[in-house]
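Below is the structure I would like to discuss, written out as structure tokens.
Labels for the chains are A, B and C, by order of writing; each one numbers its residues from 1.
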Amino acid sequence: MIRKTFESDIQQVKDEVLALGSMVEHAIIGSVEALKKRDIKAAEKIIAEDKDINKKRFAIENQLMVLIATQQPMAHDLRLLASTMEIISELERMGDYAKGIANINVRMGEEKLLKPLIDIPRMAEIGASMLHRSLTAFVQEDVAAANAIPMEDDEVDALYNQIYRELMIFIIEDPKNIERANWLLWVAHNLERVADRVTNICERTVFIATGEFSEIKSSDDEFWEKQKKNK
Amino acid sequence: MQNSPSYAIESNDLSIHYGAFTAVKGVNLKIERLKITAIIGPSGCGKSTLLRSFNRMNDFVPGCHATGELLMQGQNLYSKDIDPVEVRRKIGMVFQKPNPFPKSIYENIAWGARINGFKGNMDELVEQSLRSAALWDEVKDKLQESAYALSGGQQQRLCIARTIAIQPEIILMDEPASALDPISTLRIEELMQELKKNYTILIVTHNMQQAARASDYTAMMMIDDQRAGGVIEFDDTKNIFTRPKDKRTEDYVTGRFG
Amino acid sequence: MKTQTPYPQGDAFHASLRTRYRVATIWQILFLSALLIAIVALTALLYKVVDGAFGYIAYEYKDDPAEFTPTPVNELTKEELLVILKEELSSGAYNKLNNEQPMQERSQADLLNLFLERLVRIDTKGTWSMTDSLLHKAEIQAEVKEKYSNAKLEFRSWLTPQFLVTPMSSKAEFAGVRTAILGSLWMVGLAILFALPIGTGAAIYLQEYAPKGWFTSLIQTNINNLAGVPSIVYGMLGLAVFVRTLEAFTSGSMFGVTDSNGRTVLSAGLTMGTLVLPLIIINAQEAIKAVPDSLRQAAYGVGATRWQTVWHHVLPNALPGILTGSILAISRALGESAPLIVVGASTFISIDPDGPFSKFTALPIQIYQWTTLAQSEFHAIAAGAIIVLLILLLTLNASAILLRNRYQRKY
């Protein structure tokens, strides 16, 4: 194989992306877990660890820049490196969502949860799983998987809608609940965004493999369309 | 058969043979007017042979002949009543190694004009050609000095000036920067962007980055199992280098060929 | 512990290195000795030539100079000599000499030679080589004193300016190489006039025009072989074609020259031209080949025709090479003797060639002729003539080198 060095550099980048992905996964699950237990120490740890995620993202970005500058990638290689640049920025933002959840946990202070968490951990689990599998699809350039994963976003959206309605009922019952309901709504919204970003990763994977830009499905659009209908 | 006016030159099932051996087979290329078209491909795929067939430079190679058509303004350049000298007058050529004449800078440009019966103001032509080749400012005070005193990059631009002095319609460039340093190379590429306002340019290069940087269209050539070269993909340069359709093109532009 | 390597390490490596150097030294010594042998051979040759060209000569006057004039021989003025010659020579001989060159215009040295040659009549008793003259001076003097009591002994250089401008003579002391030099120059000039345009033209055609094929390679092979044909064969050819078949042309009878046959300097020149023609063609071909193809393509690229390319670029750039080759061909022609003997160079001629239809002799012929004579003084002037020939050849080769350096390839 010609370009052995380049190949192994690319493999290394992919490994790093997987590592970054597992950090983000861990942060998402962990932040929701901490919220569920109202464990502020754990939340603070996740906020601190987000710095590592950012650091890792910049490290990979730098690695990509060096590869682009020194290896002059073309065609597939170019698509891979350019898209990876995009993917790590998506991952970094997912990390920010997890950090956001942890921040809410910290800001809630001594306050109790409005209700026991059931659907929100479910959302986190699904989102983390989608993320995990989307990165596997990215590494293997599995177009079929990349096209299938975004479909699961529906489930996340459904859960989000359910949570939204539940929390609205709490607010209507007692306006004093507004702040606590709002915190949970925020958390759910962050998790919904995570699933959207997974869709972006899948779109990139399809582009890397085929060279075609295809919008797989904008769950965002669908969500707002549904909102419109609900009105 | 009339070729469309938006094409400067058009090949129609053009094949080039050395005796019984077919070096380039069945090429169908439509070269757009006032654009830069690059021909890329691995060594020995016949890209230079193809390029040289465009101004019948291959006529000098013993046993070399072409079949098929090469159409320029509806005329087959390989038909019997076409004189190759006339073809070369319309289709100029810049070679791999700068090859100025061992004469003065001035004479390098004037000679081609003179033998072609130029009747205008020679000084003006020399200045204009040197200006077009972005060389005037560097050599205006030493026009009578030997062209060999110039640097490689300057010599190559002189060769370009010499070519545009006879006002061809198409300029063929056979790896024009392969003997030059990177800065001179970029200068030539920049000059090509200027030249394409007035000339159609066809360039062979094995520097893929150069093709990617400098050309509008790219033709990818590859040899088949009979060792005959052919164009396997012809597309917008941006497509060739970001999303080629042919696997072999992909392997070649990503450096995984062979 | 280092891993096992198939290469010698440490002492073993140094030992093998020493062996390699030893082998190299042996070869170096062999090459050096080859060079030394060559130098010795060349030196011996030069020594032999120079040795013969200088040395003692013992001579007597057959008639005492005092019978003609009271003035000592060495102090005779031009006027005195003129008077003596006019009085003492037969009028027929005087008129003949006067016709060749008016007496008044001749130099004192020339007149003195005439005086010594025609009136006093020197009789050479013996000559000695330079080495003998220098090493055995006393013995030579004793020998001369004993054998020829009247003889004068003097150290003489046979190679003098006089030697170059004096025509042939039957007396070695008064013979020169002017006729031979002029003959050689005429012959070489005619040869090059004939061979250079034809050779260059043929080379251009072969290199630039001839289609590559079996016929062209046949011709090419023939030219290469012709360059190796023994020169005597060219002599036979010259005799058959130029001297005999084309006699009307080469003798000049076609142009109204009547006092000549085919054995003219023109025949010799044409023969020599034929001899060097393959050399010139091959040389010109090489010179044309050396013009890079990129230059031809540059010319074609701006729409030049083949002829324009050849005339404006190939030929001017090949010219120094062609001229260098021609000069070397001239040297070859200058040194040849065999074909000239066959074509019929005169061995004794004292009249300068004055045109293509003249009889002629050439330096190598002259040298050959003199060395075949028994008298040792002729061997001495042969040595002198050899030096002249060598200097001529060296000058030509040097000018070829200068020309080559002057027009060093620009591309």
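Here is the rule we use: contacts are C-beta pairs under 8 Å (C-beta built on N, C-alpha and C of every residue); 3 or more make two chains touch, one makes a residue touch a chain.
Note that the coordinates shown come from a computational prediction; the quantities given were computed from them, not determined experimentally.
Engineer: Higher C-beta contact count, A-B or B-C?
Structural biologist: B-C is joined by more C-beta pairs in contact.
Engineer: Find the most central chain, measuring centrality by the gap between its CA centroid and the centroid of all protein CA atoms shown.
Structural biologist: Answer by centroid distance: B.
Engineer: When the centre of a chain is set as the mean of its C-alpha atoms, what distance in Å lies between chain A and chain C?
Structural biologist: Roughly 99 Å, centre to centre.
Engineer: As a quick test, compute the distance in whole Å between the mean CA positions of chain A and chain B.
Structural biologist: 52
Engineer: Measuring centre to centre with CA averages, how many angstrom lie between chain B and chain C?
Structural biologist: 55
Engineer: Taking each residue of chain C in turn, which ones touch at least two of the other chains?
Structural biologist: Residues of chain C never touch two or more of the other chains.
Engineer: Give the residues of chain A that touch two or more other chains, as numbers and ranges in rising order.
Structural biologist: Residues: none.
Engineer: Where in chain B do residues touch two or more other chains at once?
Structural biologist: Residues: none.
Engineer: What residues of chain B sit close enough to touch chain C in their complex?
Structural biologist: Listed in rising order, the residues of chain B that touch chain C are 55, 57, 60, 62, 85-86, 88-89, 92-95, 97, 99-102, 111-112, 115-116, 146, 148, 159, 162-163, 165-166.
Engineer: Note which residues of chain A are touching chain B in the complex, please.
Structural biologist: 1-3, 6, 72-79, 211-212
Engineer: Contact residues on chain C for chain B in the complex?
Structural biologist: 211-212, 292, 294-305, 308, 312-313, 317, 410-411
Engineer: Considering the complex alone, what residue numbers of chain B touch chain A?
Structural biologist: Residues 208-209, 212, 240-244, 249-250, 253-258 of chain B touch chain A in their complex.
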